[in-house]
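Below are structures written as structure tokens.
Consider the two complexes below, in which chain A is the common component and chain B and chain C are the respective partners.
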Partner chain A sequence: MAELLVPEPQVRGPEPQLLAPETRMARVRWALRSWRLVAAMWTRATMAYRASFYLMFAASIAATSLDFVVLLLMFQHTDSLGGWSLPELGFLYGTSGLCLGLANLLVGSADALGDRIRTGTLDTMLIRPAPALAQLCAERFSLRRLGRPLQAASVLAWSLTELHVRWTADRVLLVPVLLVCGTVIFGAVYIGGATLQFWWGEVRELQNSLTYGGATLIHYPPTIFAKELVAGVVFGIPLAFVNWLPSLRILGKPDPLGLPTAFQYASPIAAALCVLAAALAWRAGLRAYRGTGN
Partner chain B sequence: MSLIELQDIRRSFTIRTKAGRLRREKREVHAVDGLSFSIDAGECVGYIGPNGAGKSTTIKMLTGILVPSSGRLRVAGVDPARERVRLARRIGVVFGQRTTLWWDLPLRDSYELARRIYRIPDARYRANLDRCIELLDLGGLLDTPVRQLSLGQRMRGDLAAALLHDPQVLYLDEPTIGLDVVSKARVREFLREVNTRQGTTVLLTTHDLVDIEQLCGRVMVIDHGRVVYDGSLDGLHAAGQSERTLVVDLAEAGPAIEVAGARVVKVEGPRQWLAFPAQQSAAPIVAAVAARYPLADLSVREPAIEDVIARMYAEVAIG
Partner chain C sequence: MEIPVGLGPENGAHAPDTGQLSRDGRWDTGRLYLAIAKGAFRRYSTYRAATVAGTVTNTVFGFILAYTFLALWQARPGLGGYDTAQAVTYIWISQSLLVTVAVWGGGFQDEVQDRFRTGDIAIDLYRPVDFQGWWLATDLGRAAFHLVARGLLPTLVGALAFHLRLPTDPLVWAVFLLTVLIAVVASFGLRFLVSLTGFWLHDSEGIRAVMLVVAMFFSGMLLPIGLFPGRLGELAHVLPWAALIQIPTDILLERRTGGAVLTGIAFQLVWALVLLAAGRAAQLLATRKVVVQGG
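Then we have the complex of A and B:
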């Protein structure tokens, strides 16, 4: 025991290379690892209350399913909505719900940033050797949030079997691209919106209107909305790139705005821009919080 | 070589207050206002001051959470503002009122996470954990969910969590708050062990001056964002012009007695309280009293450090 108590300065001196990631790739890997570690802890923590977990999970599936039931009821009285059939709407609904659900699962916790600041949890994240954003996104991670994406995925699967689409190579490829880019766009909106809470504590509702409200908007075909609104989600908060624009291509629908067809393939660019904007916003927010350059 | 060094550190906050219906007034508040001190490796320093004096702001700057508005700051060879993550590996932090342990998971799991987040080599981890388990008597608690631990047990758990990665500096914010006497003693004993045998530098804020008396060779008193005293605990008495008290029980009740070199501060029946400067001997005063009045009993009371510090705060406020 005694020899263990002797200070060992060598151990505290130079740190292994891994500990100070210099390259961008290493930083990303390090952030993902931190996220995974914290998320795994929360998963086990929520499993401490197993019954509650299953109840909430079931409730989440039931609640999100109601959205689709509304669509089904609507189609009892009509065969098409804005020129889109039920399976086509199912495709919009499924992709929107799946992207939002996955983004919510992965980074949705960021929207409680205001609470984390108030309770001092953010401070404890800042004194750990891990990226604060990764820790924030993994905070209170729960598999319960798999409910929405699972329900949306099953609607999507159903719609894919019912659609009358000639599956060319570009259409097949666009589906996974849509899902990845859509998830990334929603994730960026979550984080960008959360970042506003560095300056204004109580803007969570505004952000929820963008994420949940936006997801509901893009459940429906763009043809039923005013052109100004559609233009807003193309050029403003670019939710149209989640599923509207690629779906026009996949489902062979006319574009109500008459934009160049390049837009229908541009989701990866939109997603990259969203990530850049969210990252800049996060850095600016954290700098303001810590008071850098004040 | 000093491990912690502050040179003319300032930190101000902009506070917006409502002034009228739409107008908002901006006001600059200087939480820390020109703070300079240095702490050598291996020291144990008590950092005290009234609420709002700038203690937590200082700790937040020393941990890299907040960035100073101006001034130069170095902790363990690192600029906390620029290299927060590098610093995080060299410091341990314990907030008395907030746990970093995982509420619903066994204590062991929190340590396991620390091992991975801090990338502690296996051998070091095991050695450090074993040592903490022994010194803090955590053996029987490792598999208990944190929510079932008592406050004292949880604090011990938090202390261990902060030390697993061999930090050079340990910051403690109110480490004994809310603990019972036995738990307090245990925490202090452990901290002394960590400081003297491990050589870990300790900086602690507290409102419990017994912590300071038992642990800290050096005290810093901060008020209004400035250091108003920096030195030994004994020196604080002299600096604070503290007084000792001679309590005399006279044979019978009477008016306040008159003795050179002391003044009566309280009379209660036959018992009277006489205050005199702490550095003076009590003997001549006792002799003077005994010569003129019939004495039944007497005792001398040492100055309470609380009073000394309270007087120090008051002086700063007036001055």
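Then we have the complex of A and C:
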């Protein structure tokens, strides 16, 4: 499929002074521009198989809705799960799905790193005059990944109309903070998990247990899980900061672990730590990488 | 993905006349398919890290879903006729079977899809082996490997971490394994039909994605079919996807005993045969359509 895309925008693209960007800001702009160009190229490419694209977009919305249909079916048989009502679960579901979906849209392709190492296409990315991480994240970009965030956003909107929350200033502010930090945390998990493939090429599926598994975990209220598991996603892989902890504050729910209230506002710190860890892992991985010369 | 395992020159030379056959010729065909299945088993077993990673993923999902079921059954004990231990067992067994029965699709489908893209599909069609039989054999080999590699560990972890209800009668286990085998064949029948749409659509990914949704839902992978409301439940019980997960697990949980075991197996067999026959018909139509442009 790649041969179809002969005019590669990033090759003829950047002007000389952009090739070696001086300031940090210029480097970030350069990376974002590279991402945009590669993503635009893949959007055109996927549109070549139009029927497949629309089917897959519809299927992607249906597939992500399925989890919610299961929730609805569960609530046919009960009024609350672990002490949480359906709209409250809708809030958890919507926020977790929206954060995961946005992260997947922006950097989700990173999980194919192992395949790229195996087939040697990573070498191609490394010699192109554009940041490798930006290319990796945009490679095989497809607009059909909009399905999940759209579906999650509609569930979130529905839950917000059904919930009876006393909207104080901090609660209102926490919602956008939650969405941004949650997306960043999932994005860092995608990239951090992908870097494992520098050392173990085939472990791609392991990442699914963190991303899709993690998102499924935080669809449900923390009260139904074993305390050790909840503690694991607070202090281990900090997925609890995506929506559980801020939601306790927003929805006024008791914390099953009894952590200090400060944790419920700490998502930005958790997100920053995740990005730092992922960045260090990526650098270490790239340094350890040896091409096979293909 | 090297091709022929048992298809050396000596086999290939007399394989073409498998059509009108003497007894030892039929024996040869059987040996050929066995060799193909063994090759697939061995091929899948080489990706050790991927197998471990996948098993961990099944186990993680097992934990998450088991807790959600515990919460639901705590709110409604005995829901759908399952007691709490049975409900949790249902989750772990369905996670253990997910890859073996390929509810998500996959297995030979990825290979066939690539062969459509590269045009190698034309070579498959003039091989001296039946196209459908070839892929069925590889899929059975794959399923055998996945049953051991990706089924045992989640079941063991589940049994250690939760109170499961597994049968003690070895006969129940034997019948269960038989139903898993038929489930794989039925699942193959479904996936084969999906892959063959590639002959008309050039790219069967879209259909595959739609089928994944349908299969996950109607196989009872997410929620036992018995919990579906009204008409939806009745419909789900007669669709072919019920043969994949619901019937094998119900037999293992001893919710189907005596005559119900036989009707369950009969249901699976009928669907497996219907789907294989439909695949065969689609294959005939497709081969008439293929034009090989040399090269």
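Quick note on the criterion: the second predicted complex is superposed on the first by the 271 of 294 C-alpha atoms of A that agree within 3 Å, B and C clash if a C-alpha of one lies under 4 Å from a C-alpha of the other, contacts with A are read in each partner's own complex, and residues count from 1 in each chain.
As a convention for this text, contacts are C-beta pairs under 8 Å (C-beta built on N, C-alpha and C of every residue); 3 or more make two chains touch, one makes a residue touch a chain.
Small disclaimer: the values here were computed from a predicted structure and weren't measured.
In the superposition on chain A, A:76 makes contact with chain C only, while chain B stays out of contact range.
For chain A, the partner that touches more of its residues is C, with chain B and chain C as the two candidates.
In the superposition on chain A, contact is made by A:202 with chain C only, not with chain B. Contact with neither chain B nor chain C is seen for A:96 once the two complexes are overlaid on the shared chain. In the superposed pair of complexes, A:34 makes contact with chain B only, with no contact to chain C.
In the superposition on chain A, A:142 makes contact with neither chain B nor chain C. Of the two partner chains placed by the overlay, neither chain B nor chain C lies in contact with A:247.
In the superposition on chain A, A:124 makes contact with chain B only, while chain C stays out of contact range. In the superposition on chain A, A:229 makes contact with chain C only, not with chain B. Comparing the two complexes, residues 1, 49 of chain A contact chain B in one case and chain C in the other. Contact residues on chain A toward chain C in their complex (touch as defined above): 1, 49, 51-56, 58-60, 62-63, 66-67, 69-70, 73-74, 76-82, 200-206, 208-209, 213, 216-217, 220, 224-226, 229.
Residues 1, 4-5, 7-8, 11-12, 15-16, 18-20, 34, 37-38, 41, 44-46, 48-49, 120, 123-124, 126-130, 290-294 of chain A are the ones touching chain B in the complex.
Of all residues in chain C, only 47-50, 52-54, 56-57, 60-61, 63-65, 67-68, 70-72, 75-76, 79, 117, 201-203, 205-207, 209-210, 212-213, 216-217, 222-223, 227-229 touch chain A in the complex they form. Residues of chain B that touch chain A in their complex: 11-13, 60, 63-69, 81, 84-86, 88-91, 93, 95, 98, 100, 102-105, 109, 113, 116-119, 124, 127, 130-131, 134, 145, 166, 168, 193, 197-200.
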